[in-house]
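Common to both upcoming complexes is chain A, partnered first by chain B, then by chain C.
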Partner chain A sequence: MNVARNKQPFDAGRAAYLTLNGLLLTFLLAPIAIVLVFALNPTPYISFPPVGVSLRWFEKFFRTPEFTNALWLSLWIAGCVLVLSIVIGGACALALARGNLPGRSFLTAFFMSPLMLPAILTGLALFQSYLLAGIGRPVWGLIMAHTLVSVPYVIRTTLAVLHNFDRRIEEAAAVLGASPTRVFFEVTLPLIRPGVFAGGVFAFIVSFDQFPVSLFLVVPKGETLPVVLFNYMKFDLDGAIAAASMVSILLALSVVLVLERLIGLKAYVKL
Partner chain B sequence: MTSATIKLDNVTKTFDGRVLAVDGVTLDIAAGEFFSLLGPSGCGKTTSLRMIAGFELPDSGRVHVAGRDITDLPVHKRDMGMVFQSYALFPHRTVAENVAFGLRMREVPKPDIARRVKAALAQVALTGLEDRKPGQLSGGQQQRVALARALVVEPPVLLCDEPLGALDRKLRQQMQFELKELQKRLGVTLVFVTHDQEEALAMSDRIAVMNHGKVEQVGAPTEIYERPRTRFVADFIGEINILEEGGRARALRPEKIRLVSDGARVSGTVDTANFLGGSTLLRVSIADGRSLLVRETHAGERASRLPGDAVGLAWNDADAVTLES
Partner chain C sequence: MAIASRPSPIAWLLAPALLLFVLFFVLPFGVMALMSFYSGNPATNSNAFLTTRHYERFVFDSAGIYHDALWATLRIGLITTIVSLLIGYPLAHWMARMQSRLGHALVLMAVIAPMLTGIVVRTFAWMTILQDKGVINTLLVDWGIVSKPLPLMYNEFGTVVALVHIYVPFMVLTLTGVIGRIDERLEQAARSLGAGRLRAFVEVTLPLSLPGILAGSLLVFALSISAYVTPSLMGGTDVLTLPMLIAQQVGTSFNPNFAGALGVVLLLVSLLIVIAYNRILARLSGEQGLA
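Coming up: the complex of A and B.
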């Protein structure tokens, strides 16, 4: 009796659910697995099935100054974009959620609009604007461009947190003697921080990964990693590309994990 | 602990320039009094409380505390305590840090903060939970933290916005006793907003019954219950029969009506009999389709009236309170 009861009857719904999720995960992760296989395969061209395991492409990647310079430039830009987006996006979201601004929904749509424009258009438009303004193509121009397309992510995640924010908590602090400034730094800021940083992670990755906007705004010898990789691929298609991709993925992943550890992105954030 | 008088002087508040939330409210609250603002949602009780706290500015009228006009004083300079229905604890801080917050804002020296936080937590029976986060506490415990956080700064005025509304019945009753006891012991002036008439009757020294932004009646619980001035107050507090006699409305509590066999004023038939434990509430149909509520208290055995029984009803004239029209 007991043994028979322990046997679970076949559940078609559950099986379908697991299969679908399995397929989705495979679809998402398989390309990464394939890139890893190519990065470790020692043949001088991308081929399948792999014939062995070697780190020669990683070695080539890190020994080529063209790659490493681009990597550091991309990291540096993404870091700047992270900081700028957090400050600008956080401030925007606070103003939109709290400011009682006239035309609030219009302003929200306006600030989110870089997400709706094709990035290649944004890149072209900025290129022409910089040209007309006589700015040229300095690194700070590139940082500004990346920030422009990254800020909406911070606004979105911060607004999500502010939407669920119980303002009585701020009122409680005020009754207890906290001035508006202290309320902001003691209560508001710590409570919206997870949302702001979640957006910051997106901003970092959007910048680090940015190709269409960068394409128009980089100068020779000052190219970001995606642009360098694209140019490289036009002539060579060896494992160095796959190795570079793996390095990018691992860097992006570690940024997410570090921020998760430091701030607990999961807390309060409902996207 | 010090306590302070509170005076609302003809205070009015509209929202969005249209909705009249509070309409010419005048209240005099004595020092050390447990004062309730009672009424249905939207009656202006919470807005009145928020004007005392300073979250809302009155459109006209003044707010005085301890004889001083504080109408234009910002919230953080009013030196009050407040407890919210949602508790509004700081979720990112521990219990001890929550309680210490007000002391920290007042720049109390650190050793004193530690001592006073400890005492405040002991006062609400939360010793040992100092290092928990609010999310790890039950609703009742969170409410106690909120209370300790408000009281640790020894405010002369404590404002409570439906503080027990989120608790279940049993816990709520227990907290009613505790809060009342604490308030008497500390002597703090307490303004208590509630829509629960039983809660207001049980705890308050005086009650202001509010409706549509106006104060309908102010008085001690017995006065509000026994001598309601308006039809709204009579109807809002407990069960009531409204008798129309010669163009005047009179209110008669169900327990003031006796079931009699001789000398009945009216006779009727029992419609329903709701057994309530200590008493039974009868609805008795009388002439012309009207009915009266009659409370029959019973000592020991259950009342004998059943639906369909014919009964005679009597009451004293003095128990029927004439209402203002």
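Coming up: the complex of A and C.
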């Protein structure tokens, strides 16, 4: 087939197909590149074309306590979410894949449902529950809310890994005399580790970038970075926002590379 | 199939997740539904009574804004879904049929990278592109194509553009999985029997990918009707969606009970979509099992 394709001197249909897809990729990536341009452009307001390169907006971002406090809070929450969702999601995926549970597909759909139901409603429902319980809006409440919407990613990546590896490896270990506990710790756990970690990294990003779930659950002076950025953007669009965006884009990009190394991005394609 | 057997001890590992989901997901949604039938907060206000007035307020809609908001939400969701499908399909097809592993990995990264960038950041990116002094308008004015900036933002158009950018990766990922599972030889057979490339695609690949189209569309629709950040930043005063209305009720009107009622309406719409989506997904994985 490839040979036949190469014989034709110019394939207009294929050229159009590739051009179209090139344009679509540009549509996906250009906005992110443009943010970088504005983050480095020294003019006080967003303006195009850029006139130069400077780091003044990064300086402003890192010198404004409003931003840095929010950045640290977001990183701290995301770190907690990472640990919690690894433990809870990893365990849950193991139970789903190996627990012989009745109604497995229903349970899986149930644990994935926070991703499909409106996140703003998850925030609203938790806000009202905390209100009813009279506990205010504690940081741990926000962490649990983020964990809820992050756990599905860990479950998904771990299930993908569990799905791919040969169950006979575990059976072989058992046949050779390993106790179930030993099989679990020495065979199953090391095998699913990349899936669990990849999910954890994803959970970190989901929490770090989380907006709709946080909206009703943050307190004034205790807002996470996306909420601070959102409120700032309503009134002011300057390079500081671009710089802040750049910080989170760089974080995301490094995560993509880590994920690709850990388990390959393909695990995210399968639902 | 396997004979039904008893759950193994490993099943206990489900307990933490189950606890998390009951306490912070099922119960809160129950609370939200309950609060939507109360006049106030029954924990702090002993005069709070049961009422259906929040729902009456939505149904009778004397101010004429709630129904409009519902329609705007559904309309924006529908347009976003259709455009995402038109944009997502070629990309998904390209990715699914790509021979080179490196090329595949690179395109996949390009699709996933925007997903990993926060919604607030991506909306900001579109604001810098579409606003009056943004990239597009500056270029158009400088080149003399238009005399004054086009209204690309603070309306439904800008909202849809940014929403498509945010949700198209979900469409691509869903479709890629489905198209990848279609045997390429079917299309080749159609072509060797004399069908042109376009006809082979329209009559073989496209119908076979229909479940993926449906699943991806439902997913994007469910996500875009619940969007809050993008419509409130890109929509200006032109756009009012259900999630924006909910945030207003909590933030400025401080009427969480009415917000709850609006939430229940949005939840019901979403639940219908999620159930349909899961049906299709279950059927897809069933077919995969038989193949």
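Rule of thumb we're sticking to: the second predicted complex is superposed on the first by the 233 of 271 C-alpha atoms of A that agree within 3 Å, B and C clash if a C-alpha of one lies under 4 Å from a C-alpha of the other, contacts with A are read in each partner's own complex, and residues count from 1 in each chain.
Criterion: a residue touches a chain if its C-beta (ideal position, glycine included) is under 8 Å from a C-beta of that chain, and two chains touch if they have at least 3 such contacts.
Because the structure is a prediction, the values reported are computed rather than measured.
Of the two partner chains placed by superposition, only chain B is touched by A:D166; chain C is not. Set against each other, chain B and chain C touch different numbers of residues in chain A, with C touching more.
Using the contact criterion defined above for the overlaid structures, shared-chain residue A:G177 touches chain B, although it does not reach chain C. Of the two partner chains, chain B is the only one that A:P190 touches; chain C does not reach it.
When the shared chain is aligned, no partner comes close enough to touch A:L71: not chain B, not chain C. In the superposition on chain A, A:L82 contacts neither chain B nor chain C.
In the superposition on chain A, A:A203 makes contact with neither chain B nor chain C. Judged by the touch definition given at the top, the superposed model places A:A243 against neither chain B nor chain C. Shared-chain residue A:P102: touches chain C; no touch with chain B. In the superposed pair of complexes, A:L142 makes contact with neither chain B nor chain C.
With the contact threshold set out at the top, residues 180 of chain A are in contact with chain B in one structure and with chain C in the other. Chain A makes touch with chain B in their complex at residues 166, 168-169, 171-180, 182-183, 186-187, 190-191.
Partner chain C is touched in their complex by these residues of chain A: 1-2, 13, 17-18, 20-21, 24-25, 27-29, 31-32, 34-35, 38, 45-49, 87-89, 91-92, 94-96, 98-102, 105, 107, 109-111, 113-114, 116-122, 124-129, 131-134, 144-145, 147-148, 151, 155, 180, 184, 205, 208-212, 215-216, 226, 229-230, 233-234, 237, 241-242, 244-245, 248-249, 252-253, 255-256, 260, 264-266, 268-271. Put simply, chain B touches chain A in their complex at residues 53, 55, 74-82, 84, 86, 88-92, 101-102, 105-106, 146, 149-150, 153, 159. Contacts from chain C toward chain A in the complex involve residues 4-14, 16-17, 20-21, 23-25, 27-29, 31-32, 35, 41-44, 87, 90-91, 94, 99, 105, 107-114, 116-129, 131, 133-135, 138-139, 165, 168-169, 173-174, 176-177, 188, 197-198, 219, 222-223, 225-226, 228-229, 233, 243, 246-247, 250, 256, 259-260, 263, 266-267, 270-271, 273-274, 277-278, 281-282.
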